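What follows is a pair of complexes built around chain A, which joins chain B in one and chain C in the other.
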Partner chain A sequence: MIPLHSVCAMLETYITAYNNAVFDTDRDAALQVIAQALAAGHTPEEIVFELVIPAVEEMMAQLSRDLDANLAQHFMTAQIAAEVTEKMLEQFKQPPKTLGRVVIGTARGDLHSLGKRIVMGCLKTLMVEVRDLGVNVPAERFVEEAVAFDAQVIAISSMMVHTANGEQGCRKVRRLLREQQLENRFRVVVGGAPFRFDEQLYQAVGADDWAADGVSAGKVILRQIRELSP
Partner chain B sequence: MMTSMEIVRAALQGNPAPRIPIFCNLLDQGAPELGMSQAEYYARGEHVACGQLALRTRYGYDNLWSLFYVGREAELLGCQEILFAEDGTPNVADYFLRTAKDIESFTIPEDITRHPVWQESARCLQVLRQESKGRFPICAYLTASTTLPALLMGMDKWLELALSGPDHLRAQLLGKCSEFFRKQVAAYREAGADLLLYSSPFGSSSFVGMRRFRAFSLPWMQRDLTGLGVEDLIYYCGTAPINPVIGEVMQHLGLRVFYPSPKDDLAVTKALVAGNGLTCGVIDDISMISWTPEQTRAEVERLCHIGMPGEHFLLGTAVMPMAVPEANIQAYMEAAFTFGSYR
Partner chain C sequence: MNALMLTLHAGEKTLHLPIIPGFSIRELLDTTTLRVRAACGGSGRCGACRVRLLTAEAPPCTRSERERLSPQLRQEGWRLACQLRPDHSLALELSNPAPAVPWRSLPVSELQWLRGRLPSMRKTPLGVAIDLGTTHLRITLWDCAAGRRLASRWGVNPQEIHGSDPLNRLDYALHSPERSKEMATQLRQTLLDAVQDMLTREVGGGASHLPHIGRLMIVGNTAMLSLLSGQGAAELLSPDNWQQPIACQPIDRSAWQQEWGLPNAHIILVDPIAGFIGSDLLAGILAFNLLEAPAATLFLDLGTNLELALWDGAVLHVTSVPGGSAFSLLSPDPAAWPGLHEEVTLLHDPLLQQADNANCVQAFSPAALLEAVALLRRQGILKVSGRFAPSVAGDGYQLQAQMLTGRITLRAVDELQRAKAACAAAIAMLLEKARLHWQDLQNIWLSGSLGSRIPLAAAKELGLLPPVADASIHQQAGSALSGCEKLLLAEEYGEILAPVQLRLSPFNLATQPRYEELFITHLRLQPYAASQ
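Let's look at the complex of A and B:
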């Protein structure tokens, strides 16, 4: 039997190799590391919980520290992690415990789906159940689906100023939550380019929190879930 | 008294002028200016030209736009639906390249100027030329080959293809987009555009990192631009930062006019471009939504203070959101004339 510290050291090596590949946006190299870890006898559960999730968390920290971090890295971090997690989950002996539920979509009038896709990839990897509402989502639907899915968080992505700041997006979701006395039940998180330019904008539109990019959105949403359901 | 066109040319060449050129990119504001819905306004080239002329007269800035909205190029290539909004920018609602087969079979029109969409743009340019009589530079917006696919298939699908292949499909699509870009350059010049904004977000290292910028973006930008002449081109990455790539863009593409992100450090941009070209100072017009007029004025003063020494400087906005209050547009213009004076 391999001693525990050796297993940990080996996983550390894989995490480093995996993250180097993801950081370099090299999907093939990242998948090769996963294949090597499996071949070395690590279980799908170990791959997800001890390799992919720590790697995503490390990547979140790395990308937030690195001023030169780029969109391609965020995209590949989420895509590869989601792809690996999905494959590994099929082989789990028992379905994993989910940490929470999120409904996500782009604001009414906004058809830009990239940010949403990055966030979804990260959330799935972090064992958060995600219901994708698609693009150009009316505020009423965000609220209805959040209730139906018993979500903790409503995540709204907006790449355009008028969809971030306008009356049909987050502002209306907040108004509906207030009118329906649902404000204590859900947290609202926003993201997208306009929020990066004006870091107070999320408050102005009635969101509880915001994320500067898709990868860190995973962390922000998870924090909101934990605050709501400790 | 120098015209706006002469002031812009002086800034480009580093010649004396009484003040800096002032650009203010108001696009969607044209429809309310003429009392029209966005869909009605953008249906006719005359409307866009009249909106541009009216807005320029109202505020007194130096440039005119022949751009309707960014998705216009997608319409020239097959997009059938644009989602209009009364409070903001139109979106492409029909990403018509959905499969590999779509990419393989889609073709660039032999003569884009015959397309009805182009003819409205040409009509807009014609009216702008007639009315401006060479006094104001007319700007056109052209998307680089590496970015245009995002308008045809959606950014996430394009990023997936760009980063993960298949290589032959990516190359095929980029080749077509580059061919289209080159045709557009010729068409816009022929129609009388004075300045061509080369919109290349994938030409920012914040999109793809420096390694991919060199291996992917730069070679395709070279292919876009080789042999075309770049004197009238402005390098712009859609408000993504450009400082890390300016040196290589100057060296390999020969571009001399840079329109950075408000997030770029203007002092660094200015130092990188130095006396070799024109630096644009770009105000953060998303923050202008919530700023007071005094804050707007202070930011214009700051940008002018950094950018004006050594001349070769222009002050501009990104694509001014409709939510920017009228008072802040006025404050921007008044401050630009005050602090942008060389006298």
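Let's look at the complex of A and C:
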């Protein structure tokens, strides 16, 4: 990382412009800011660590103050950040250090993939390695893949009441972890509309934590990773 | 010209109702909750529908009235509501209304004129057509032998108490066989209740006519059919079955005949198309004769859920999407939806901003919400992103419609964006699948509780509908029931269904990564073409 003050001051204006574009869900304008920053000579590493990540962090703070932030904004935050990060990572001189590993999928019976996509976008930007298990994922597979990927967190998205609260989703993942004595190895984090309606539901289904939106999901998952491997 | 008005005093209640020329007082009241007593179908034979005139000017008594009402009664102003067809504004007193029932007649605008008779049903001439909706039940009674519609009713689906969302109800039913049975029985009982109400009031003789019912035809969305029959709920929840027909047939038809007291009725549940595409869509396709429409005709049945069919001249591409809470209708009575019949006005009074949030916009109709959001966009108060312009202070906007003041919050706008995106992206996907462009669309047929009433200009400005000319967009309520009636009046209903079934191509949007992309771009509050 290059903590040059002048560079940071320059980036400051880009961060503001970039965040405004994202907040207005204007993807083209956001990508243009990135292009300008690159053209002005900033390295891919700077773009990610000094611009995109602070922007996401700023967005997290902003969205947690503004409870009415809408879905389009969450999408844009995650989507653009992930897109830019992915492109920049290819050009990094050295692969960056990852902060942790997560397997993510939608619960058995659920094909709603959009929530998972936002969460993945945020995690990737925050330098968390993500293995996407797709949709309609059986509980057994969550556990097998978490072991194989040596993940710290199993993230389960459920958009419907019966997939969030039913027997085939998180409840079963928890049961399998207990049966296979893996409870100390993995944390389970859930999310999706039913958990927003009933804020106690995550405990009832045996999850360790939950998040109301994709941007705070990044924060919650990072916290779980840090708690597990300080 | 001032509209003709009927003023009705019934005990403590006073009702004001516009008069439709040619309609009897009884017909006008049948669409409200205050009904006259009746037992002869409005033919002037039973004399039960008495009302008293409080105004002098009224058309002269008919022959039936002269026969049923003594000169003294007539002198005192008594009339038969089924005979009196006012041509002036009137005030009436109804001292002995019919006991309150949860049923009302459907407005004529929801009923299609249909031809067809079944002489073969002479011995058991009565037929019943039922559209099982998530929110409402719609039922008509026919003399099939004569090809005449005798009556219509609509009321609330009693399963509402187990959740306005079909999935919550399925979840409840799947809890135990007892619960599933309880829900199915409750629904069947309600349907019987409506049939009896029609028999009593329109045919006279009530339950004694049940054996004359020869046919009962039922269409509905898959979840409702499955909850009625107590079959298929578990299959329905499994994504593997999404694209396949779900069997929702009663296990024991004779048990239903017995339960309903219909010894001679042929009970037909029209099978749904697929997991979440019901036979109500199939019936709508029949009602609109979609196979005979020009290629590139889109049919949208827009209620709590959106079911879509796109006819490309060879194939009927069909799918469904959930709208979510922005599109679910809180009040079962469309007439009571604020903003449906009146202009929506926006007030922006910073003092009111602090007002109680209880009347938030979701107490309004989805149509009013669309109208209001379009208005906010037009005035530059709301941006494409669904955020207020920086100059706007506060977190909500006052909305007034039909004497009710409420508030549009950004959360309500977000809900609307999701519902709109889900629908618009579904339209875009179907067009792509048929290799068509929105400019190719010849016609859009809109039906369903929201579709038939949706404000077109607002829907186009916000991108819920493609920018097709108004002249090519047709709104018609009650298409599923009309299609069901067509099947009821067909000698071999299977022969009518078969050609449509042959052309169907169900399509599950949840398996399309492209749908995800389209959903995201259509979240923006801008015309459809701009999100493409």
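Everything below uses one rule, namely that the second predicted complex is superposed on the first by the 226 of 230 C-alpha atoms of A that agree within 3 Å, B and C clash if a C-alpha of one lies under 4 Å from a C-alpha of the other, contacts with A are read in each partner's own complex, and residues count from 1 in each chain.
FYI, contacts are C-beta pairs under 8 Å (C-beta built on N, C-alpha and C of every residue); 3 or more make two chains touch, one makes a residue touch a chain.
All figures in this text were calculated on a predicted structure; none of them were measured in a lab.
Participant: Is this a clash or a fit when chain B and chain C both end up on chain A?
Facilitator: Once both complexes are aligned on chain A, chain B and chain C clash.
Participant: In the superposed arrangement, which partner chain does A:A204 touch: chain B (first), chain C (second), both, or neither?
Facilitator: A:A204: touches chain B, not chain C.
Participant: Taking the superposition as given, does A:E90 touch the first partner, chain B, the second, chain C, both, or neither?
Facilitator: neither
Participant: After the superposition on A, what does A:L114 contact: first (chain B), second (chain C), both or neither?
Facilitator: So A:L114 meets both chain B and chain C here.
Participant: Which holds for A:N70: it touches chain B only (first), chain C only (second), both, or neither?
Facilitator: After superposing on A, A:N70 lies in contact with both chain B and chain C.
Participant: Pick one for A:P194: touches chain B only (first), chain C only (second), both, or neither.
Facilitator: first
Participant: In the three-chain superposition, say which chain, chain B or chain C, touches more residues of chain A.
Facilitator: Of the two chains, more chain A residues are contacted by B.
Participant: Let me check the overlay on chain A: which residues of chain A are in contact with chain B and also with chain C?
Facilitator: The overlap between the chain B and chain C interfaces on chain A comprises residues 24-25, 68, 70-73, 75, 79, 109-114, 117, 136, 160-162.
Participant: In their complex, what parts of chain C are in touch with chain A?
Facilitator: Residues 165, 167-168, 170-171, 174, 237-239, 383-387, 395, 409-411, 413-414, 417-418, 510-511, 516, 519-520, 523-524 of chain C touch chain A in their complex.
Participant: What part of chain B is in contact with chain A in the complex they form?
Facilitator: 83, 85, 87-89, 91-93, 154-156, 159-160, 163-164, 205-212, 239, 244, 262-263, 284, 286-287, 289-290, 321-323
Participant: Would you pull the chain A residues touching chain B in the complex into a rising list?
Facilitator: 24-25, 27, 68, 70-73, 75-76, 79, 109-114, 117, 136, 160-163, 165-167, 193-194, 197-198, 200-201, 204
Participant: For the complex, which residues does chain A have touching chain C?
Facilitator: Against chain C, the touching part of chain A is residues 23-26, 68, 70-73, 75, 79, 109-114, 117, 135-136, 160-162.
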